[in-house]
Amino acid sequence: MEQVIYYEDYEVGAVRETTGRTITETDIVLHAGQTGDFFPHHMDAEWCRTTEFGQRIAHGTLTFSVAVGLTANVINPVAFSYGYDHLRFIAPVFIGDTIHTKVIIKEKKDHKRKKDMGIVTEAVEVYNQRDELVLVAEHLLLCEKKNADRKDKGKADD
Amino acid sequence: MEQVIYYEDYEVGAVRETTGRTITETDIVLHAGQTGDFFPHHMDAEWCRTTEFGQRIAHGTLTFSVAVGLTANVINPVAFSYGYDHLRFIAPVFIGDTIHTKVIIKEKKDHKRKKDMGIVTEAVEVYNQRDELVLVAEHLLLCEKKNADRKDKGKADD
Amino acid sequence: MEQVIYYEDYEVGAVRETTGRTITETDIVLHAGQTGDFFPHHMDAEWCRTTEFGQRIAHGTLTFSVAVGLTANVINPVAFSYGYDHLRFIAPVFIGDTIHTKVIIKEKKDHKRKKDMGIVTEAVEVYNQRDELVLVAEHLLLCEKKNADRKDKGKADD
Amino acid sequence: MEQVIYYEDYEVGAVRETTGRTITETDIVLHAGQTGDFFPHHMDAEWCRTTEFGQRIAHGTLTFSVAVGLTANVINPVAFSYGYDHLRFIAPVFIGDTIHTKVIIKEKKDHKRKKDMGIVTEAVEVYNQRDELVLVAEHLLLCEKKNADRKDKGKADD
Amino acid sequence: MEQVIYYEDYEVGAVRETTGRTITETDIVLHAGQTGDFFPHHMDAEWCRTTEFGQRIAHGTLTFSVAVGLTANVINPVAFSYGYDHLRFIAPVFIGDTIHTKVIIKEKKDHKRKKDMGIVTEAVEVYNQRDELVLVAEHLLLCEKKNADRKDKGKADD
Amino acid sequence: MEQVIYYEDYEVGAVRETTGRTITETDIVLHAGQTGDFFPHHMDAEWCRTTEFGQRIAHGTLTFSVAVGLTANVINPVAFSYGYDHLRFIAPVFIGDTIHTKVIIKEKKDHKRKKDMGIVTEAVEVYNQRDELVLVAEHLLLCEKKNADRKDKGKADD
């Protein structure tokens, strides 16, 4: 679904939560297959029994990718993701854990050079089924302003 | 392959480069399938023809996951990844682009509370086949020290 | 995203259209892998050159599954899919074709025995990038009524 | 394996049964990935505990696709699938259920306009390991006649 | 489909050929993902341009697995695969090549100790679309004899 | 990682062991999907309960492909795999078993015609978590000699 959300429409403090997703053994096997990371922490159940966690854990990039994917249900044609800050793997995600993502609008500021753009920072928090925080990040969103002088548009590289 | 690399062994300025990996249409379809992000930017070739890029682009989390996966060939049992800073999607990755990852040891500092640990920051740079930078991030690695007083070990939460 | 839509809320003649999805070689290979249907029509490009289409075609169940999946963006907790009528494979879908789904509310009628339920029939039409109709079906949706006597609820089998 | 079966060769009442296939968590995760349907009914084990079924259920299109795929072991070059009628999801399929398909030749009739073709209707019945019926459909097969005047051949669109 | 074929039923010199299968980029990406072999020969199109083949090649184990899989259409409950001899990768398989498998009954001999069993050797030959031989192997099949004294049965380990 | 290992560098008797890999239900489902082998031995848990093993078993080609893939962590640009001898499926691999591969340099001999090449035979042994041998094979490696007359190089077909 497409929904136009301008810089002015984002409200600091607004919160949205996604549906949940159970991280399965399949997800871990597929993520190893996609990334080439077959470290025993993810792929060797026997060896994992000897570690502090006692079992296989999800790749950090798997939890991150799924958590971000869960938020991808509204296409905003006037906003562009350009990165993340402070991505932290807080707690391990195990096979069978169900995660969901909470997105909080944390900060808004004008773009330094582009008058018709602003930067929205979203706090991304990922929780498991026991409401334990397992991952955090700050998502940076470059958004068009509603009332900006359209002459500036398209000069993304200046 | 396992190789023990202590905090002291990391040298600021040291560089390693991975083999390359061609990002295929398959990778994008599989990543959509793993994350649930079926946005037309990745999945609708017709609509993409109308955009500035003219073609489908890889998900940011796909490029990031593959780039990190490319570095996963040596298991260091005394180092633990705990996050990334300043992850930026610099340029789009298209179907058929071949990326590789360059890792540069950027900084070392003692852990504030844990005497037997240090933090190594790796600059992660991802390039395509035209040596254009497509993604950057700073990887944070928590490393054991070689000569640390082992009594402190295991108290990760203090 | 969850949105409660009662029987009374559906309006005959209402139309919604989904985003597009390019059917890739990957989709066909994965669908063969999921279903076990490795017929040469889908998997043998050489043999397909000798057929009237001259190329591989998507499985009917692939086009149907993707077309239905494209509509799965709003969870309606008071409606239940219970089947399809008149599913027809009108035209072949080739690798590289981009399909999207159009859903038209076609008919509404009371449930024969359950007073608090009604049946909504959706006409499902799937088009390719040249606006050629490739698949049709009628989707049957069992919906709760807004003002129904809740005592009847839960007796789905009577 | 290829086997030529003409319209005249189909006998009303003839029955064939396929081997079985266990529907795994992997199948559901892959089907979500193929279709983009990540509804919690299929992907969120925690939420499913709160539903009447108490667990995740297979997508209807997954059960249908696998059930049809199970029948795809003989290639008949003179028969063409053109659709399904009365597809009904009778009972939920859970992770670990083993399904197989029973195909019964139900009806034969001449094609209205094409003298050298006939239509065979197959009743498709899908059972789980407790012999409970979980899905039914009627498959429509357009078949060449053995003794037809071949001059009419190839005029599929008249 | 199940078909009982006893040791006596195999005829030296008998030949069967499978349908074809086009080896796609998807197959190579999935095989890397299944095996963890991400060598640049299979995954780095740029590097491959510098090799004698000029392009990516299929993993040997991929060609072997698909070639053997193509023969898996008849279940013989009285025969057991126990290995392969002389598996050779004769020529590279490229993306877009279509392979099929030819199986020739090459040799039959009694089992040394088990009177009710015999060993059938099948020559497995895999060809591409230009009828070039790309892989050969000898498949060893342990088969029950039709008229054997059933008292010996089940003593597989003597 | 690339490492040049010449014929002379291989030492008969040298041993290397890989990390472990748990064979999951996902691996079997994906291997069926890759190869088209959906035999009930791998895909029908109910039927498997009636067999001597009582459960699904991994495809022989899956165990072989994963076992070989586990060894693919060092790229040797002066050695070329050209086949396997005496591949034997010694014991079944079940869902949840963890396998690893042991490679022993077994034999070295000069190439008959190519003076600058030698053949290294590696004994490949695959063990499960109970140290039971499940698969063996002999891997044939064509290796360049260190001190060979380079004039002969590149004439691989003579």
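Letters A, B, C, D, E and F mark the chains as written, and numbering starts fresh at 1 in each.
Heads up, the rule we're going with is that a residue touches a chain if its C-beta (ideal position, glycine included) is under 8 Å from a C-beta of that chain, and two chains touch if they have at least 3 such contacts.
All values derive from a computational prediction rather than experimental measurement.
Contacts with chain B and chain E are shared by A, C, D, F. On superposing C-alpha atoms, the copy chain C sits rotated by 180° relative to chain F, to the nearest 5. By residue number, over half of the touching pairs seen at B-E are also found at D-F, the match among D-F, C-F or A-E. Counting the residue numbers used at the interface between chain C and chain E, under half appear in both copies, so the two copies meet with largely different residues. Distance from the centre of chain D peaks at B, each centre being the average of the chain's Cα atoms.
Set against one another, E-F and A-F show the most C-beta pairs in contact at E-F. If you average the CA atoms of chain A and of chain D, the two centres end up 39 Å from each other. As a whole-number value, the distance joining the C-alpha centres of chain B and chain F reads 30 Å.
Centroid to centroid, with C-alpha atoms defining each point, chain C and chain D lie 15 Å apart.
Across the assembly, chain A contributes residues 19, 21, 25-27, 30, 33-34, 36, 38-40, 75 that each touch 2 or more other chains. Contact residues of chain B toward chain A in the complex are 21, 27, 30-31, 34-40, 59-62, 64-66, 68-70, 72, 75, 81-89.
Interface residues of chain F facing chain B in the complex, by the touch rule stated above, are 1-2, 19, 73-75.
Residues 25-26, 29-30, 33, 38-40, 43-47, 56 of chain A touch chain F in their complex.
Interface of chain F with chain C (complex): residues 30, 32-34, 36, 38.
By the touch rule above, chain D contacts chain F in their complex via residues 19-22, 24-27, 30, 96, 98, 129.
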